[in-house]
């Protein structure tokens, strides 16, 4: 089918496949299509961007999952592998100090995460590329500009911003691991460490996940069924 | 040490560590330091590139391995994870058709690979960032502009170009898997396929590796010892 | 908490954590705990299995996800990374030959997959290790002993077998990629290939997923919410 | 070639391929063949080990690299991905306490590593499976039975043991990352921690690498060239 029709977006391709199978064959009553899109950049040469040579982009992947049950179509798009970091503008303090609390309060830390997001569209006949860019840009702008008092707060700002900027999405789910960068203690060597040297800790980490949903969002039905909602 | 001195390049940092251990402690007669550098891009916001928010770049990694044996210092730098693709401008034909040859000749194919390169510098007091950029840009330009009759030819053009452009390197080693994109045969369905739909085959693949060395290169000594020359 | 109480199974540990947070703190109304368990084997020495030396087992991972919403507790356990293969006893034929069908019928093929399974328990006070072993052993036995007419049939046999053998589970979800091993065509070289040499194809592949549920299963409520049901 | 001749071991297969290319074609003066072997176990059923159903074994991989330059043949075999752990019987103390030393002395710690080894055979007509098992079993036995005062000491015991047990190998190279398990400090909560709860630290880690060579080993020639000696 990729040969006989132009592909404009992963959503359009997934819908085309789903409609083909459900509409054409009696034995098929429903279909779920999951598509991923990777990025490539043109290679810069001394005579400008090259005509047919490319280098692979970042690990960020654009995703879509289309479900078609009879005539009902739902589209859930998203992205994964978007790693972002703020070198300042992030605090974390005021949390309950209870049994087994070991975390230390801080008013200036590195905030880093890898964003996985999926959002549910209302309707299946939209300008997919435009909507995708609007959600993605809004999330990045909120991540960068929000003075963060917690990764939870930043996550909510990103989800809320997306709902406000893009009316055609009903809800958004976000999964964001806290990629800790701990300050190395140098007092043993009579050295201070004013946010210069960090230890990038792989494990353990907090995994912050939430859905942000419009008050008047139409019901999701089976749209999320069978999706790896949070990886 | 990262705290008490500015870091300008991975090479400078590795040399500083090696000199520290070998020069300061009698029991240390030699050192090998391997350093990797990852890329981050500033997040674009509506008010321009952000001051302190970043997104992670591509999987391309800058590498260096410094050896110091007594006073002798060698620096081997490189990169890995640089995935590149040409959608045309690549042919492969004229190879011997012998027992068990199954490959089909083609005069227009996709050429794709993941470049791992390591090059050996002469001297250990250079402008490391400038040299790195010169090698990298030359390799990319040669990959893009060489009309390829084989990945072997392209590899040699990339290595030769680097030696010509950057006099301070004595040799360069390249490891480049042939990431095949095979044309899907659609004749069964009475469809042509004029380089429209490909099958990205993961395995098996040809792994093209070679060293390109100046005729008058000074001897490598132990520089390559203990290095994972080709991953 | 790992220090102050013995851990008997991942389920017990997850329940203990969830109960601690929900029961002890007013601000916590619910909790979801996900735990993974890896395997280690004793190293065999000439004097028998070693007392305190181990080697890491296979990539198979035992998983559990416990949800506690107020007093309601649900436990969904499973496994992932269990790679299995049958070198014969597998056929695939009789499927519709429609537009774009390219698959060839076969009455003797390699069947291989990587099993990810999650099953929902009724109740939260069970002999977790015994139940886990019973589900796992049943699935393996069904995979091995079912003469397979399709991976779909094998999946259903595995799920049905688990429900029959282990009354305390209400439903089971299975995700099983078809890890194709295609026969290499050697006719070009005047050689037959009676299931001797195969091409292990990484992509594309069919991903077979299904739930097998008892007719009288109690409702799942929110048990599956927020779970990466199928990876 | 896999079709027309039985394969007995990775070494035999690599030698057969190398000899085929170098001996048959004038334009080929040398060849390097790298082969990996994975493990599969028979599935246990209630009627015993199954005849044709298997589950994938551990991540341990058997490797071989054969070089043939004209008539000269060298065989370097090995293994990678063998993860081992001792829960006691390991100490580390007495090291110099110099500038920037932060490590704390201990007389009882967890010792864990992932073994990558490659050893060079003398000759190319050996009982490969027997030699491989002898090297592997000796290394495991030395890891388990050596009361370790350092991972360096354990590495040397493994290499020395292999040379003593298997006369047909001339040298062995080992690469073993120190997979740290740090004791969690629980004094803040008035709890002791007698080697009960550990923090499995991914980074940073020490990478211990060494060659162990017989005094009278024949020269390696180009055997190691182009090998990823240490990954």
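Letters A, B, C and D name the chains as they come in the text, with residue numbers starting at 1 for each one.
As a working rule, a contact is a pair of C-beta atoms (placed from the backbone, for glycine too) under 8 Å apart; a residue touches a chain by one contact, two chains touch by 3 or more.
None of these values were measured; they are calculated from a predicted model.
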State the smallest step count from subunit B to subunit D, taking one step as a move to a touching chain.
1
I want to confirm something about subunit A and subunit D. Since they are copies of the same sequence, is their interface symmetric in residue numbering (over half shared, so same) or not (under half, so different)?
same
Counting C-beta pairs in contact, which comes out ahead: C-D or B-C?
C-D
From subunit C, the most remote chain by mean C-alpha position
B
Counting only Cα atoms for the centres, state how far subunit C is from subunit D in Å.
30
Centroid distance [mean C-alpha coordinates] between subunit C and subunit B, Å:
40
Do you know which subunit C residues sit against two or more other chains?
99-100
Taking the complex as given, what residues does subunit C use to touch subunit B?
99-100, 102, 188-189, 199-204
For the complex, which residues does subunit A have touching subunit B?
2-4, 40, 43-46, 50, 52-60, 82-89, 140-141, 143-145, 186, 191, 193, 196-197
Touching residues of subunit C toward subunit A in the complex: what are they?
1, 24-25, 27, 96, 98-100, 209, 226-231
